[in-house]
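Below are two complexes that have chain A in common, paired first with chain B and then with chain C.
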Partner chain A sequence: MSSTTVKITSLTVTEQVMTFVKAKLNTLTNALLLPVVGISIFLFFWSITAQSIHTSLGEFPGPKAVVEQFSSLYVEHKTEREKAEAFYQRQEKRNAAKLAKNPDYVGKIRAYTGKETFVDQIFTSLITVTCGFLLAALIAIPLGIWMGLNKRLNLAINPIIQIFKPVSPLAWLPLVTMVVSALYVSDDPLVSKSFLTSMLTVTLCSLWPMVINTTMGVSSIGSDLVNVSKVLRLSTLTHIQKIVLPASVPMIFTGMRLSFGVAWMVLIAAEMLAQNPGLGKFVWDEFQNGSSDSLARIMAAVVVIGFIGFLLDRAMLQLQRKVSWDKSSVNV
Partner chain B sequence: MNWKKSLTNTLKKAVLSSAVLLLFTNIAYSESLGEPEKEELKFGFIKLTDMAPIAIAYENGYFEDEGLYVTIEAQANWKVLLNGVIDGSLDGAHMLAGQPIAATMGYGTKADIITPFSMDLNGNAITVSNKTWQKMKPNIPKMADGRPVHPIKADSLKPVIEALKSEGKPFKMGMVFPVSTHNYELRYWLAAGGIHPGYYAPHKGDSSGTIDAQALLSVTPPPQMPSTMEAGTIHGYCVGEPWNQQAVFKNIGVPVVTDYEIWKDNPEKVFGITAAFAEKYPNTTVRLTRALIRAAKWLDDNNNANRPAAVKILSQSNYVGADYDVIANSMTGTFEYEKGDKRDVPDFNVFFRYNATYPYYSDAIWYLTQMRRWGQISTDKSDQWYKDLASKVYRPDIYVKAAQSLIDDKLISASEFPDFANETGFKAPQKHFIDDIVYDGNQPNAYLEKFSIGLKKGDKL
Partner chain C sequence: MKNTQTANTNECNGTETDINQAFLNISQVDMVFPTPTGGFTALKDVDLQIDKGEFISLIGHSGCGKSTVLNIVAGLYQASKGGILLKNKEVNEPGPERAVVFQNHSLLPWLTCYQNVELAVKQVFSDKMSKAEMKEWIEYNLKLVHMDHAMFKRPDEISGGMKQRIGIARALAMQPEVLLMDEPFGALDALTRAHMQDSLMEIQSELNNTVIMITHDVDEAVLLSDRIVMMTNGPEATVGEILDVNLERPRSRLSLAKDVEYNRLRSEVLTFLYEKQRKVENISSKSAPAKTVEKRCVNES
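On to the complex of A and B.
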């Protein structure tokens, strides 16, 4: 009798273990195996089709050529860094010699004058997009909240937003360039004009989704919550702080994520067109060079641009999870 | 792994110690000239092999020898580059010889731009698409081995254009800028073959340059020439290297004539700065000219011995960026016409020999005569007017200062420069043009009378 019970329990235990393992395996397949399979199939088709496309610059680059370019880009980065080091050493020596000759000489260390490597371009682009995006957020979120709270203002401003929202960055770019070069005049500029142009173009394009989403989020707060605030006679600031912001955070963040995606895409286009430093310029320069490596290098940049875009989106998602009180509202 | 490390270490030490040596002996830094007033400079260029003196002056440390910290930046097209120099975002740039002249004259954007340094001679070619070449080829005389006789004249192109015209189709060619050498060379070649390239009429607001034209010329930035021709938008183009050799490598076109054959040792690019810059920073101007002269000399030293090294530098993506082989094809003394038809053109790119770097007034005046010939200068001007404008833009005085200090520092011997004491700035009458017309810079108006196609005295559109 007792032995059967043991048997049964042990059976259930193994069964439980089995289901547990199965579930684990399932999640593992879902999380790892399937993407790997998908990517492998993609790589396979990529290399097959790449071989059969012949451009005037040679074959379309397959995965192998792109990987090779990644390593060559990295090597280039390393050599450039060594050259930079030598540059600084030479400069120090030169300054020291000048100081020896003229005791009043105030030495100045100048930044390296060599080329920007691929890695440098990535960082330039990241900094530009972040600055542009933050500036947009700084304008869009307060404006959105105000518009959400004030129906009349919303009605007044909404048409403008609807008109500007679909405008391509490429249309803004010439205007921004001209305005920046007319207004931003200084002998010792804090940031370069090209940075400002790219950044403002990004700002102009990522503004609208944020404004719209914030407005929507704020105006759709449940009437119960609004009534609570009214009963407690909260001041406007406290009302925004305690009721409006927490309630509309999910919508605001959805807008921010959308905007960041737009911002990243806009930035690459702006850099390409205006020849401003960054990944977009890298792509354009390589296209202009027309060397036999150019296409593979462009493809490498495409992969990096996509990957960074993906990481930026994930980062925004994590941030959103962290700040929302309602975790279920966060969708991947 | 270890030996590798020690090797790099020794190398590093060697480089460092030589740098230190250079510093203490101070062979390159001229004391007599005085400190540069502006040390951080930014120079622009267009991706063409004739920007080489700037790249070499940077890579060989000649700018640093002068105490200049130079950043070099590729520009999208000639207009962007010129505007950069005018608005001060660039301190100087690799320019078309016609740009400083036209800017000073006020054709296009008006600005006082000068040049203390002429960057090179020759270096351009005219390329036509494969289709056009097939139709041209039967009209060209052949040598015993079946290859076409050079120079190929535009006479062989004329029937092709007429055939197109009878079908109601225009013949289009690309050049890089309205006041570019390429525009004038292409026009010269076409007109020498009896094809009218069209007039400009700026006083009527016509800047397209297609009045009376049998061949329509339009502007395309150099690096985009091959792809524009591949797309069928133009039937051919005139551009600098490597974009003609690129067409051969890509199998999309055939270079038919080099500018060396159109006008032997013609002046090509110049280094342009604003007159205000030269006035405000005289030491910097002389010093950067010194660095550029040294770079040009290095490029031509020992019968082009340094060219392969130069090509390697130019093929870096931040300079010209095309493949080594494409750039080397023309930079190392050969030029490939039709695929496989590679001929020796030792002077295809001249950077220093034949006093290539000296800014001759007569060179500036030749450009002015062509501007008048095609209507960019809409009214008659006196010979004196030509001379005055040339001396305003071309500044041998700065060049001589730089060259003299190089002679004094024993970096370059005086025999490699013109005899400054007797130099007038006018070359002796030049004969080697494709149509055998002689050019004398002292008589621009008389020169204009010699052409059968082109505006002459009293002509006004």
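On to the complex of A and C.
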């Protein structure tokens, strides 16, 4: 009697282990194997197709050419850094020599004026997009909360938002450029005009999804929660702080993620035209350059742009997970 | 106060309450909701006087405007005509002295149970109590509803009955003059509901609050109330009959089941609901106003 029981339990244990292993394998397949298979198939078709497209700049770059360009871009970056380092060292040496001759001499250090490398351009782009996005959030979230709380304001402003939302950044850019040139006049500018133009264009385009989602989030707070606030006689400020903000955090973050995606897309276009030294300018310069490597370098930039966009979205998702109380609203 | 006429003399109003002395006076209240096709008169001439410490149940068919009465007393709605006097002061806005227990608990999902009660306590007592006193008061109220073990859990981590307990604790913690309960146990299963009713009776015997509770459940009404206010069907719903429940407290559901008086009261309410105020129209009929959630019928068993 007891031996059979033991047998049964041991059997279930092995079964349990088997199901566990199966489940593990399954998740492993889903998480790793399938994406790898997908990417491999994509790379295969890319290289096949690339070979049969002939442009005036030579053959369309396949995966191999792009990988080569990655390493050459990195080498260029290192060479440029070494050059800069050498430039500063030369200056220091010269200043030291002059100081030895003439003790009153005040040395000058001139900035290195070499071309930005690909890595520099990535950082410029990241800074520009972050500034533009933060400015947009600073405007959009308070505005969205106000609109969500005040139905009349919402009705008044909503048409404007609906009209501005679909406007392409390329339409804004000339206007922003001219306005920045007219208003941002300074002998010693803190930031360059091209940076400001790109940033403001990003702001103008990434504003709307955040406003809309915040408004939606705030106006869809359950009437029960609003009634709780009324019964407690919470002041407007406490009401916003204790009820409105936490209740609409999931929606606000959805809007922020959408907006960040838009901002990153818009940025590349804005940088191309505004000549802000970021990834957009890199693509434009390579296009104008028209060497036999250009297309491969542009393709490398495309991959980097996509990858950074993906990482930015993931970062926002992590932030949302951390901040939001409603874990079910945090979807991939 | 626009209307200060004499109270309704009709029906079996058992208590001899002087209108001017009544603790809570619902006086000649009309409620008209604007609709695209003109005003919809939900309530007409609702008149009710409630003493301090009384437990009142409002019972009636779906859509008869029970919730509207409660919302007017809470100050969430404004009566179209007539008004509410609480201790001879007119009520025209919501406030913590008329705490509400909502049907679906309405806890803030991002706060723990403790924090939910704390929000109310801080709002009401922050200038009267020290921090330590407030903490003690919050814990006392959570203990009262037997929820001190789950203080630091979030609402989505506890069951429906527990959530409603926290909702009650939050309302009690405001130390209200009147406790308003909108079908507090309507969303709970029968066993949990019975448990909650016992808890409520226990709390009531300790605190002796003035309570207005909306219910669909005849047994619940008879078991808990001092008076049962039965409302006629809408539109133009009003107080139909008022039934005094003079059963001795503490009441036990088991011994009451065989009690003659208890069964007489039960059948009185049932007679009112199913003979005098029988719903003629279909359940799916569109004439039933606003509230659509209340599909569940009166508990007959």
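Here is the rule we use: the second predicted complex is superposed on the first by the 311 of 332 C-alpha atoms of A that agree within 3 Å, B and C clash if a C-alpha of one lies under 4 Å from a C-alpha of the other, contacts with A are read in each partner's own complex, and residues count from 1 in each chain.
Assume contacts are C-beta pairs under 8 Å (C-beta built on N, C-alpha and C of every residue); 3 or more make two chains touch, one makes a residue touch a chain.
Fair warning: this is a prediction, and the values are worked out from it, not measured in the lab.
Using the contact criterion defined above for the overlaid structures, shared-chain residue A:181 touches chain B, although it does not reach chain C. In the overlay built on the shared chain, the residue A:54 is in contact with neither chain B nor chain C. Contact with chain B, but none with chain C, is seen for A:275 once the two complexes are overlaid on the shared chain.
When the two complexes are overlaid on their common chain A, residue A:234 makes contact with chain C while staying clear of chain B.
Legend: residue contacts after superposition of the two complexes on their common chain; A:152 is shown touching neither chain B nor chain C.
Within the superposed three-chain model, A:86 lies in touch with chain B and out of touch with chain C [touch as defined at top].
When the two complexes are overlaid on their common chain A, residue A:94 makes contact with chain B while staying clear of chain C.
Legend: residue contacts after superposition of the two complexes on their common chain; A:115 is shown touching chain B, with no touch to chain C.
In the overlay built on the shared chain, the residue A:224 is in contact with chain C alone; chain B does not reach it.
Counting the residues of chain A touched by each of chain B and chain C gives the higher count for B. Once the two complexes are overlaid on chain A, none of the chain A residues touched by chain B in the first is touched by chain C in the second. Partner chain C is touched in their complex by these residues of chain A: 222, 224-225, 227-228, 230-234, 238, 242-243, 246-247, 249, 325-326. Note for the complex: chain B touches chain A at residues 12, 15-16, 19-20, 23-24, 26, 39-40, 47, 58, 61, 64, 67, 69-72, 74-76, 80, 87, 89, 223-224, 226-227, 230, 246, 250-252, 315-318, 320-323, 326. Taken in their complex, chain C has these residues touching chain A: 74-76, 93-96, 98-100, 102, 104, 106, 108-110, 119-120, 123-124, 154, 174.
Residues 56-57, 86, 89-91, 93-94, 97, 110, 113, 115, 181, 193, 275, 285-286, 288-292, 294, 297 of chain A touch chain B in their complex.
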